[in-house]
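Just below sit the structures, each encoded as C-alpha cells.
The two complexes that follow have chain A in common; it is paired with chain B in the first and with chain C in the second.
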Partner chain A sequence: MTSPLESLVLFYLGPVPITLAVVTTWGIMIILITGAFLLTRQLDLTATKRQAALELLVDTIDNQIRETSGAEPAPYRGFIGSLFLFILIANWSSLVPGIEPPTAQLETDAALATLVFLSVIWFGIRGSGVRGYLRSFAAPNPVMIPLNMIESVTRAFSMFVRLFGNVMSGVFVIGIVASLAGLLVPIPLMALDLLTGLVQAYIFAVLAMVFITSAVEDGAHHSKHKPPHSPN
Partner chain B sequence: MEYLNLASIICAAFAVAFGAIGPALAEGRAVAAAMDAIARQPEAANTISRTLFVGLAMIETTAIYCLVIALLLLFANPLLG
Partner chain C sequence: MTIDWWTLGLQAINVLILMWLLSRVFWRPVAAAISKRKDAVKAMLDAAKETQAKADAALAQVAAARDGITKERDTILSSAKCEADAATKAALSEAREKAEKIFAAEKASLARDTDTARIETTKQAAELSTEIAAKLLQRLSTSSIQEAFVSRLIKAITNMPESDRAALAQTTDGIDLVSASDIKAADKAKITTSVQKALGSTPTITFVTDTDLIAGMEIRTSHFVLHNSWQSDLAEILKELNNAAQ
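And then the complex of A and B:
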C-alpha cells in the first residue's frame, strides 16, 4: 500500500519536481478562473438563468460571511469565497476517475493554511494598523503575549492537519475498501466523502473568517470589549 | 529492529482506538445539546446547526490528530529510517 504522506512525482520542471497534486491544482485553477471569466462576461440588470445561479452563490457566501463575522462581506468576499470554492472543487475532484483530490496531500493544505495565517495578519493590520494589531496580542493582558503568539501559529497548523486528515482519510479508506471488495461496495463511502468534502470546505472558510474577524475586532476594541470567542 | 516495527504497529492501532473514544463521547454530547436546543427553539435551527458543524469539526480534529500520528508511525516512522 502506498503511503498517503508521499506524493507522486509526474515530471521535473528543471530541478523542481511537479507532482500529481500540483497538476490537479493547476487544472482546478484553470477551471475556476475561466469559469468565473465566462460567467461574469455578460452581466445584466435582468438576470439570465446563469447569472441568477451565480448571484445565488455569491449571495450565500455573503450571508455566511455576514452571519459569521457581523461585518460587511465586501472586503472578505474574494478571499473567503475563493478558499471555499477551491477546496470544494478540490475535495470533489475525486469524482473524476484517476484524480486524487490535491487537498489529500500535505503540501496543498499547508499552503492553504499559510494563506489563512498571512491573511489574518494582513486583515488585522489593515483593520487597526500595525500598532493596533500588535496590541491585540496583549489582550486581555500582557501575560498572554506568548500564548497568543503560539495560538496564532497552532490554529493555522490545526486547520492544516484537519483538512489534510479528513480528506486523506476518506481517500485512504476508499482505497482500502476498493482493494478488498472491488466494484460497487465503495460507493456509499464515496457518497459520505462528498458530504465530508463539502463540510470541510465550509468549515475551512468559516474558520478563516472567524480568525480574521477576531484579529480585526481584537485590534479595534481590545480595551473596550472582551475579545470575541475564537475557537481553536 | 523487529521489535521497533511491532511496537510501531501496536502503538498506531492504540493511538487510533483510544484517540477515537474522547471525540466520540464529545460529539455525542454536542449533538445531544444541539438537538435539545433545536427542540426548544426551532426558529434558531440555522444558527445552531452552523455552530454545531463548526464545533463538530473542532472536536473531530483531535481524532484526526491521532490518525495522523498513527499514519506517521506506520509510513514515515523516523526511528525506522
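And then the complex of A and C:
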C-alpha cells in the first residue's frame, strides 16, 4: 500500500504527469456526462419515473441553494450541483475494487478548493462589481481587511483539508482493515464510508454556496453606487 | 509531502470542463423541463381560473336571470290573479244580472200565464157554473116561478122611467111577451091584463115561447127589450164574473 499523500503517476504527456487520480477523474467525467446525456434525451411535459427522479434531484439542489443564499438558484446551479455530484461520485468510487477516489488525493481537493476560492471572487465581482467586492473586505471596518483576506484563503484551505482528511482517512482505514482482516470485515466501514462521502459532498457544496453568498451579499451591502441585488 | 501542481491544474481543468458539460447536457435541460412544466401548469391554472371566472359569471348571470324570472313570474301571477278576480267578479255580476233578468222575465211570464190561466179558468168555471145553474134551473120551471117572474115584470114596468114606459105603451107594432114555456090561455089573459094595466094602455100583446130563457117573462119590441129571465140573469152573472176575473 502506497502512502495516500503520494500521487501514482501512470504515464506522462510530454512534461505533464498523468496520475491515477486524473485518469479516475476522466472516468468519472465520462460516466457523468454520458449518463446525463442518456438520461436527459427525452424530457417531456409528461414526466416518466426517470425524469421525475432527475427533476427531484435538480429541485432539491435548487431548494438548497435558495434556502442558503435566498437568491434564485439558476446562476449557481451548474457550479454547486456539478461540484456536489463530482465529489459524491468521486467519494463513492472507493466502493469499486481497485479504484482509489480522486478526492483522496491532495491535488484534487486542492483543485476543488481553488475553484471555490476563484468562484467566490467571480460571483462577488459579478454581483457587486470590483469595487463592491473589494470593499467587502473592509467589513465591518478597514482594520479587518487583513483578517478578511486571510480568512478568504484559510476557509478554502479548511474545505480542502476537511475533504481530503475525511476521504483519505476512510480509504486508509478500509485499506488497513482489509489487509489485516480479510474480505468481509471492511464492509461496515465501507457502508460508513458511503455516508461519509455523501456528508462530505454535501458539506463541501453547502460551504461553497455559503461563501459565495457571503461575498455577494457583503459586496452588495457595502456598495455605495449599486443597489443590493441578486446575480441573475 | 509535495503537491503536484500539474495534477492540481489538470484536476481543476477537468472539474471546470465537467461543470461546463454538465451545465449543457444536464442542469439546463432538466431545469428547462421543470420550468416548462411549471409554465404549462401555470397556463392550465390560469385557464382554469379564467374558466372558473367565466363559469362564476355565467352562474351569477343565470342566478340573476332566475331571480328576474321569479319576479316576473310573481308579477304575472299577481296580475293574472287580479285579472281573474276582476273577470270573475264581472262574470258573476253579469251572470247575476242575467239571472235576475231571466228570473224577473220568468216571474212576469209566470204571472202572466198564471193570470191568463186564472182568467181562463175563471171563465171556464163561470161558464160551467152558469151551464150547471141553467140545467138546474130548467128543472125548477114551475108555475110559481112563472108567477114570480110575471110579478117582477110588472114591477120592472112600474119602475121604468115614465118616458120609456110611455114609449113602450104607445108602440104600434105590438109587444111580444117571451116565456120559456107555453102559457095556458087563462094565464095569458091574466098576464095581458096585468101588463096593460102596468103600462096604462092596451097595446097588442103576442105570446112567444123561447126555451133559452130557462124561466122568465120578457118584453120584446122592435126597438126595446126588457130582460126578465134566468137566461139574462145568468148572462149578467157570467159577464160580471168575467169582468171580475180580468
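Note that in this section the second predicted complex is superposed on the first by the 221 of 232 C-alpha atoms of A that agree within 3 Å, B and C clash if a C-alpha of one lies under 4 Å from a C-alpha of the other, contacts with A are read in each partner's own complex, and residues count from 1 in each chain.
By definition in this document, a contact is a pair of C-beta atoms (placed from the backbone, for glycine too) under 8 Å apart; a residue touches a chain by one contact, two chains touch by 3 or more.
Note that this is a predicted model, so its numbers are computed, not measured.
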{"item": "Touching partner for A:Phe84 - first (chain B), second (chain C), both, neither", "value": "neither"}
{"item": "Which of chain B and chain C A:Leu5 touches, first, second, both or neither", "value": "both"}
{"item": "Partner chain(s) touched by A:Val161 [first = chain B, second = chain C, both, neither]", "value": "first"}
{"item": "Touching partner for A:Tyr76 - first (chain B), second (chain C), both, neither", "value": "neither"}
{"item": "Partner chain in contact with A:Phe211 - chain B first, chain C second, else both or neither", "value": "neither"}
{"item": "First, second, both or neither for A:Val22, with chain B first and chain C second", "value": "second"}
{"item": "Chain C-contacting residues of chain A that also contact chain B", "value": "5"}
{"item": "Residues of chain A touching chain B in the complex", "value": "3-6, 67, 158, 161-162, 164-166, 169, 199-200, 202-203, 206-207, 210, 231-232"}
{"item": "Residue ranges of chain A in contact with chain C within the complex", "value": "5, 7, 15-19, 21-22, 25-26, 29, 32-33, 36-37, 39-40, 43-45, 47, 51, 54-55, 57-59, 62, 74, 77-79, 81-83, 85-86, 102, 105-108, 110-112, 114-115"}
{"item": "Of all residues in chain C, those that touch chain A in their complex", "value": "1, 3-12, 14-23, 25-34, 36-37, 40"}
{"item": "Residues of chain B that touch chain A when the two form their complex", "value": "47, 50, 53-55, 57-58, 60-61, 64-65, 67-68, 71-72, 75-76"}
